[in-house]
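The letters A, B, C and D name the chains in turn, as written, and every chain counts its residues from 1.
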């Protein structure tokens, strides 16, 4: 298979040109520190999970920050063992800038015990030195290592336009 | 004004009968204990606020419980000073039953410094002695008292069908 | 049972006073006209349903309007046969004012074939003669009549603060 | 700048290894046909937009389909002229399989009058020949061409795990 997939694109359905594969640029990395999780099958037919996010760190291009206490990953365990995740928490950068994070997607269990994820993140920031963080769409990867229920590692990649 | 409002109802638009005013039955009361809030105007044109929920208590008909650490109220401050709120957190009842709460609506500032709110809550529960909690729609009231940024009081009223 | 339920309220958990049962005032009635529905069990463990909203009418206190084509009720059928619903559509009032409606809650099947619902609605309106519609929280009732898959009747009740 | 961005990754914050740039594989292309849009500044401080989706086509690896009437893109126009978009609609594939699409992200205006977008899509499908479509996370690109308010072209790229 060719790396970019099958031979159809936007022009197949009438567009004058296709946009091609979206270029990605690494934007930041985050480690979310988790508190005790709750998970239970609900009477509404899903398996609800909640992973409190009690802290963590972040590193971007020229900045670093920490996760403020108080967010969580509100998740649903799917029938195949994967989790549909929606994490919401607030970063505070070194210069005091708050960055509200919403990061949602899926975490998929691997044969070696790890969970690997793919997400899309939205960052909300105030005007100022970091305002460009709020102008982008981010595609994320996520990793929970084998036998470590306390951390999730996330890399956010700017989907460059 | 008549207590039930203007003279139109479902029959005006073709229904065979109208459902009338929904009867409400008090279902539970919750006190959410808040950690330090963050609030800032984002570059996307809204004022984002996040109120961590660090604990709290709940009392229902024959049960009591506590709020587990790890939830938050993810809110937006509106131009008129009210907040559009969406609180998500997990209760643990005395018998160990987890109850996932999503409670969303609006908190409106009053002349005396209080905030009064109206919300709709969704409860997610496992099968067992409290499963009826998951079968209802709840209309909520909420109160933040003057000069008390640390607590929000919520009553949930079952909208009886 | 007393009409206002069990003997606990906000004061039980420390508030200086309780808000009591929220007063409701009828705000408007809507008939949503549905197109052909789709419903299927997904590989993610839920039953997804989509009810297109192809038109309809609305009547409020001193105004009337119609539902513009293009919205839908994005729903999930629950294990007990009820639907968790989230309807989004746009009204146009007689004077041209657009009103964006989000109305979400639950529709519950009855022994006689009807579905009865309870919801909370959010209305988004522009500044102008109808701006008060955007300032309220609405609790809704909903009715789908026996053997009529083409209409849902909704009454919205302002949860007065 | 190096193509993969700054010199930090998951290992910087403690992970044993980093996942690297997520590989993408073209999954499908969609053309959404739009009806008349509504857009207005709300009293809640945002600019609400709704783009009805009245039809369209889709082409994937070994399948084709059409968009059923009844969905919409529920969007917010941001202060910089971009749109935060959330499109929800249902595809029907040639063999009758329904595919519920939720595709959300941002559309950004360009100097030449086009809008370019980046999104994440979730597909909900029934068990059967297309069930793999429901197992993936998709990163999307989107294009609205200059002087064409009637079509949006979307390519979905599977974020391979």
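Here is the rule we go by: a residue touches a chain if its C-beta (ideal position, glycine included) is under 8 Å from a C-beta of that chain, and two chains touch if they have at least 3 such contacts.
Note that the structure is predicted; figures quoted are calculated from it, not measured.
Common partners of chain A and chain D, by the touch rule above, are B, C. Taking A-B and B-D together, the pair of chains sharing more C-beta contacts is A-B. In summary, the pair chain B and chain C forms a contact in which both copies contribute largely the same residue numbers, shared numbers making up over half of all those used. With angles rounded to a multiple of 5, the C-alpha fit of chain C against chain D returns 180 degrees of rotation.
One inter-chain figure worth recording: chain A and chain B are separated by 28 Å, centre to centre, where each centre is the mean of the chain's CA atoms. With each centre defined as the average position of its C-alpha atoms, the distance from chain B to chain C rounds to 17 Å. Note: centroid distance chain B to chain D, computed from Cα atoms, is 32 Å.
For chain C, residues that reach two or more other chains under the stated contact definition are 43-44, 46, 80, 135. Taken together, the chain C residues at the contact with chain D in this complex read 35, 38, 40-44, 46, 48, 50-54, 68-72, 74, 88, 90, 92, 98, 100, 124-127, 131, 134-135. Remark: chain A residues 43-46, 78-80, 84 touch chain C in the complex.
Remark: chain D residues 1, 3-6, 8-10, 12-16, 18-22, 24-31, 57-61, 80, 82, 104-106, 108, 116-120, 135, 137, 139, 141, 143, 145, 151, 153-155, 157, 159, 161 touch chain A in the complex.
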